[in-house]
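What follows is a single structure, and I will ask about it in a moment.
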Amino acid sequence: MGAMLNAPMDEPEFRSIVGVMRADVSWGDCDPAGIIFYPTYFRWFDAATWALFGSVGRDLRTMIESGYCMPLVGAQCEFVTPAEPGDRCEVHSRITRWGGKSFDVTHEVVRADGTTLARGLEKRVWGRHVSGPGSPMRGQPIAEDLKALFRAT
Amino acid sequence: MGAMLNAPMDEPEFRSIVGVMRADVSWGDCDPAGIIFYPTYFRWFDAATWALFGSVGRDLRTMIESGYCMPLVGAQCEFVTPAEPGDRCEVHSRITRWGGKSFDVTHEVVRADGTTLARGLEKRVWGRHVSGPGSPMRGQPIAEDLKALFRAT
Amino acid sequence: MGAMLNAPMDEPEFRSIVGVMRADVSWGDCDPAGIIFYPTYFRWFDAATWALFGSVGRDLRTMIESGYCMPLVGAQCEFVTPAEPGDRCEVHSRITRWGGKSFDVTHEVVRADGTTLARGLEKRVWGRHVSGPGSPMRGQPIAEDLKALFRAT
Amino acid sequence: MGAMLNAPMDEPEFRSIVGVMRADVSWGDCDPAGIIFYPTYFRWFDAATWALFGSVGRDLRTMIESGYCMPLVGAQCEFVTPAEPGDRCEVHSRITRWGGKSFDVTHEVVRADGTTLARGLEKRVWGRHVSGPGSPMRGQPIAEDLKALFRAT
């Protein structure tokens, strides 16, 4: 799995801002072994990507009203240390690749004591419902303006 | 809670068909106490209502394409016997009230050995996105034709 | 449903502290109608109850290590106003009834603009795994010390 | 992602039985874009792995009572074709690698019309709560007896 997370990028490295989303491990996020049920991490990754976009003015409402969406083509996660009920965590997210119509978001889940619990990657398409709500989604070229919003300064 | 489940109906009693949906208790449906995490039952109830409508020709795709929806105004559940990982269950669902623009669906979760695990009630509106996908939903009068589909013969 | 939420109490009214848990509506919490999928509220209620107990020193870890749990005998929710992706909410929770071995937690989901989205009730048992982890849970008498932790001053 | 799914194996190829788990796409499994919310696939993968073990006599109850568990070290999924509400699917699962104390399960989600919707991989540890329920989990050597249960004949 590690190889994927360090994959060569399509372009010269992109220095991304880092979004931080708070995420605590609830009772219901955990399974009979008393540790986090792993699909929870992917729920967090999805929310963290939307939060990252929200931090640059592309919040959920704006995205939905303008017909934009970010469907996935792939997702993965390494589970490093088991999370337990009550753990206070942050998801640190950044854009690690921009392609023509797709991009990668890398996530790291860090517990309050600094321990890394999980590392993940989402591969997403930049899409739009071109004929309004309910119409089919089509991949859209990613404009330089969009990328610039996420560039760390 | 029991009082609610036996509440007097708005109309003379409706003899409904009974839908049966298979639902097994997975590892991830359970919590650190080793029993079902209770919101799981409500996920099942929602799916069971859609399955009940599907059984009379109003399946998910048909409902979505014609703009119909069934938003909730209330839901409740009594938890009778704790479900455990691997339990094989059925959700038995029927319409127990038709109002002007709303209706009730009653659900019973029964384990393979015949034990009742939970009893629930959903109060739903019969609605439609009147101006196409993404447009606001409005409550619709429930036609006799619709009710007839669910009448036990 | 309303009748349940205003049900007479078993004891003279208990003036409870009010716990506040932040809960935002994520993309994945919503359904194809573009509004919250209703079991999400029950996930929030469960987390809000644990947070309320955490606020008086009975956090998840402490509860689990000492073998205490709070299984449900019933839950209900009225859905007042539909929540949409990106809505910023709070869940306000308080104890509204103490019985011998059971108690009620009442929840209200309030959007950032002050609108009430949902009102819910959980009926729970105060239980303990008396013979250690994995052993059966038994209802426990609720001590005055426990109740006192939640009394508003 | 594809590279991972075709990764060289630690041992000569293992010809595994193929488990089949039914999984239908419910209303609540989908998001405001009207397609499946991707963590749903990982919930299915987890359930499909337990079902595969159940098919050889290692069902959830047996595993839990004997203290065995299968925590994850990694998981990934390629999303090939978007699933929609009401889609009837199967998850086809097989063991594609046995290591000393770990193993891989490969999953394919196939819609009723034969279309592949998703392909996934779980990397799991074979573990046991060595000192009873609630005690820490330790990786266990995978016995030939266990592997033999999954060998296709």
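Here the chain labels run A, B, C and D in written order, and each chain numbers its own residues starting at 1.
Throughout what follows, contacts are C-beta pairs under 8 Å (C-beta built on N, C-alpha and C of every residue); 3 or more make two chains touch, one makes a residue touch a chain.
All of these numbers come straight from a predicted model, not from anything done at the bench.
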Distance-maximising chain from subunit C - centres being C-alpha averages: D
Of B-C and A-C, whichever chain pair has more C-beta contact pairs: B-C
Inter-chain centre distance, subunit A versus subunit C - centres from mean C-alpha coordinates, in Å: 30
Mean-CA-position distance for subunit D and subunit C (Å): 34
Separation of mean Cα positions, subunit C and subunit B [Å, integer]: 23
Shared-contact residues (touching 2 or more other chains) in subunit B: 27-28, 32-34, 37, 39, 43, 46, 64, 85, 134
Residue numbers on subunit A that touch subunit B, as the complex places them: 27-28, 30-34, 37, 39, 85, 132-135
Subunit A - residues contacting subunit D, complex: 1, 3-4, 32-35, 37-40, 42-43, 46, 64, 69, 71-79, 82, 123, 129, 134, 137
Complex interface listing, subunit C residues touching subunit A: 26-28, 34, 43, 46-47, 50, 54, 59-61, 64, 84-86
